[in-house]
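Structures are listed in the sections that come next.
Next come two complexes built around subunit A: one with subunit B, the other with subunit C.
And now, the complex of A and B:
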């Protein structure tokens, strides 16, 4: 026990300094850079969250190239439906410069299944103010067509009443007379 | 950022002001690069989607002065599942996990409530429920997604600060910090979180934060054919959500008694909806 009082003070001070220093060093190493800018989290994570690729464009991204479909789709009752819901996302079709993939087009029975996803009266939750629904095969019977008909044989899928309105114009028939 | 050399007659005060403004703007610019730059890289000029949320692209995004709201109109939802499909495709959500989904509620005359959501509504609702014996009184669809709670339980429980409420009100996940302990999944009263089977970190609905910051609507809102889902900025007095929230219509939030203060509102929700 030959240490002097002063020596003990120096050792104590050194010890505190080393502990504080290593503590600060560890904190510097372990706490991420932008931690605490807005709160107890890494603020850079906000920017990282914005960097995800956008896979869905909007209808106007499709209209830019598909001008004929755009013309039909915009005027019809289906104008609020997203192209990408039926056909698939924009990013699967193009990388912005060239076409990278072909999006599926529904055919035959798949079309009817797709239509009935929204237009089925059996699902009672659908308000008639929001959507016009039909019961199958009652609708086919009342329209006097074959029960094997698919929806797209009378209805244009992009503008459902396009052909029907045209037919009414030509024949002069109204819905009541049919 | 380019700094102009000070002109000789520049006053000290204006110089200080400019330096301060520049520092603040510069640091914000470093932390949040403008979204539109990324968009131009991705979309060619003629396919660039027009801005759907006004006032985001052409302005510096002040993250401290933003507020967004999401309104789901149950009376307009037809249960087509477009939103679920779009969401799955936007994020390549693995099968069996859902960032958003649509539930079908059926209420009988005995006040018994039957809820189902086969495959989260991804395949739509093609057939009515056949297992209900009694006469059906009411039936409706309820889309579910992140409630973006202002007092988020998931944020409170995260032990590593990996989930947080950003200053503009989005509850986001920092996938570099997340250790996958799934504590937040248990804490979320609305069950919107899941553990990603590949990356082993938590994933959740972000209201398409990457789209919003580029001025686009969330994918589910954009594809909704009946505009049952509405999203917009509360800072924009012309936005539909602002007008609805300002108006007299009855809006409810889910699990109000939990005190989570969601920014997701439901219009036309019956009291059975939880």
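And now, the complex of A and C:
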């Protein structure tokens, strides 16, 4: 190896350039074809995502079979709440043709826990005008009911004021605070 | 106390105090600190690289002769830490192998891809600076070595034993050129780390153009401190003398950078306080609430004011060399702590406030987590193992101290 030191450094510099160049070549080979068509992502990913099985339905999907719940839900204050919000994904229950599983239905204390996810006064991010919030057990005390009561003992879960309005109609009583 | 608070405190008593982490309202996706200790280590490690590189650059580019004893060591120190700079980031990722995707398809909207490229360039430049700086030593070692070690020496000397004046003059030019471009690259490398945080618009404590500047100066502080401490400790351990002139120059440089770093850190807090911008009430609550101890007590009072006073004493009073060196080691150790606490307060502290601008959460490090305390210890010890490995090939002090 009779190369001069200078020559060796030139070869080294060339080697670095070749490495950088082959890096670019490798980049060209490894980047998917559809990358960058719409933006810095793989355009084919959009088509692939449309092929994925549907997990969620709309409320209409549920109303098609659950006609009684539909009637109550549509008339109540919860009419804009998605069924899936409390019951879980549509695809866990049906494949669109027949029932494939049972969605969990909350009972007892779990009902109160579920309600307080939205209706808890401690959640200070929510406006009283949008969602009525209460503090527990203060709400139960002010309504003069047992502290062991669950929300659904007074409120219909699909139409929260259904029973309360009906009770007012029957008794003729009015309350300022609910 | 309202009923909910009573319930909550009862619940916390039954489950344990650690459940009371949240004050006011915190969005559910803000409860957990997603960027935890590995992301604290990332700017800390790159910072150490930067500061060490500054010391080497002062000698090789600006010919500050008194730094000669540590010039080579600081280059190797920088290399050992630079080779681990991405390790905490990769550990933080759920799918580390996907980092290559980011590098393959960089886009102007991806700040992290930019870091990958800057890191690669700085690594290349640093490696070649070391190879050219060490070439005369390596050529000598090649002659005396055998087997695989000789092969390594042949490779890293480009299989040339040419130490003629012409070749050495060429080396000198190459070193100057590489160190010359190395300084802006090192500044960009760490300024970029600060920019990555500063660029997070959603976080009011990070989103400031001062962030890269603060990170850069504190990087220099940590790197120089690390070199001072490591130099003193290694020399003492090996029973060799410590070059006092070298320590004095490093401490003076450290003083300058620390004054700048501390001023900018405080300037940021004061300008937030004076401007009272949109989220000021949150930042103020953060610094005086969850961060009261780690920011005001540890970062500012203990680890900044005390070193500042010590550096003042060292700069203004005449001290015996041994006392000066001891103080230098103490100050360096405190400043190393200051910088890591500062990184902690920025990275983790910045995530303790919810985007709701109403509540704060808390962070409790775990021991055996993927990003836990044990992982931190392992990650921080790897550069020292690499440094030891490098010392087997590149002698730290060869030809400089024949004592």
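Going forward, the second predicted complex is superposed on the first by the 130 of 178 C-alpha atoms of A that agree within 3 Å, B and C clash if a C-alpha of one lies under 4 Å from a C-alpha of the other, contacts with A are read in each partner's own complex, and residues count from 1 in each chain.
Assume contacts are C-beta pairs under 8 Å (C-beta built on N, C-alpha and C of every residue); 3 or more make two chains touch, one makes a residue touch a chain.
Values in this document were obtained by computation on a predicted structure and should not be read as measured data.
S.K.: Go through the superposed model and pick first if A:80 touches only subunit B, second if only subunit C, both, or neither.
M.R.: It touches subunit B, and subunit C stays clear.
S.K.: If we overlay the two complexes on their shared chain A, which of subunit B and subunit C does A:4 touch? Say first, second, both or neither.
M.R.: In the superposed model, A:4 contacts subunit C only, not subunit B.
S.K.: Who wins on subunit A residues touched, subunit B or subunit C?
M.R.: Between subunit B and subunit C, the winner on subunit A residue contacts is B.
S.K.: Where does A:130 make contact in the superposed view: on subunit B (first), on subunit C (second), on both, or on neither?
M.R.: Touch partner of A:130: subunit B, not subunit C.
S.K.: Output check: A:138 vs subunit B and subunit C. Expected answer is one of first, second, both, neither. What do you get?
M.R.: second
S.K.: What is the contact status of A:43 with respect to subunit B (first) and subunit C (second): first, second, both, or neither?
M.R.: first
S.K.: Contacts for A:60 in the overlay, against subunit B (first) and subunit C (second): which applies, first, second, both or neither?
M.R.: first
S.K.: Let me test your reading of the model: by the given contact rule, A:30 touches which partner, first (subunit B), second (subunit C), both or neither?
M.R.: In the superposed model, A:30 contacts subunit C only, not subunit B.
S.K.: Contact-wise, after the overlay, does A:112 reach subunit B, subunit C, both or neither (first, second, both, neither)?
M.R.: neither
S.K.: Quick check on the output: what are the common subunit A residues between the subunit B footprint and the subunit C footprint?
M.R.: 35, 40, 120, 122-125
S.K.: Quick one: which bits of subunit C touch subunit A in the complex? Just the residue numbers, please.
M.R.: Answer in residue numbers: 2-4, 7-8, 24-25, 27, 104-105, 107, 109-110, 124, 158-160, 162, 164, 167, 170, 174, 356, 358-359.
S.K.: Across the complex, what residues on subunit A touch subunit B?
M.R.: Listed in rising order, the residues are 32, 34-35, 37-58, 60-61, 64-65, 78, 80-82, 84-85, 88-89, 92, 94, 96-97, 113, 116-118, 120, 122-127, 130-131.
S.K.: Within the complex, which stretch of subunit A touches subunit C?
M.R.: 1, 3-6, 8-9, 12, 16, 27, 30-31, 35-36, 40, 120-125, 135-138
S.K.: Name, in rising order, each residue of subunit B that touches subunit A in their complex.
M.R.: Residue positions touching the partner: 31-33, 35, 38-39, 42-44, 46-50, 52, 63, 75-82, 85-86, 89-91, 104, 124-128, 136, 139-141, 161-167, 170, 172-177, 206, 209-211, 213-214, 216-217, 219, 222-223, 225-227.
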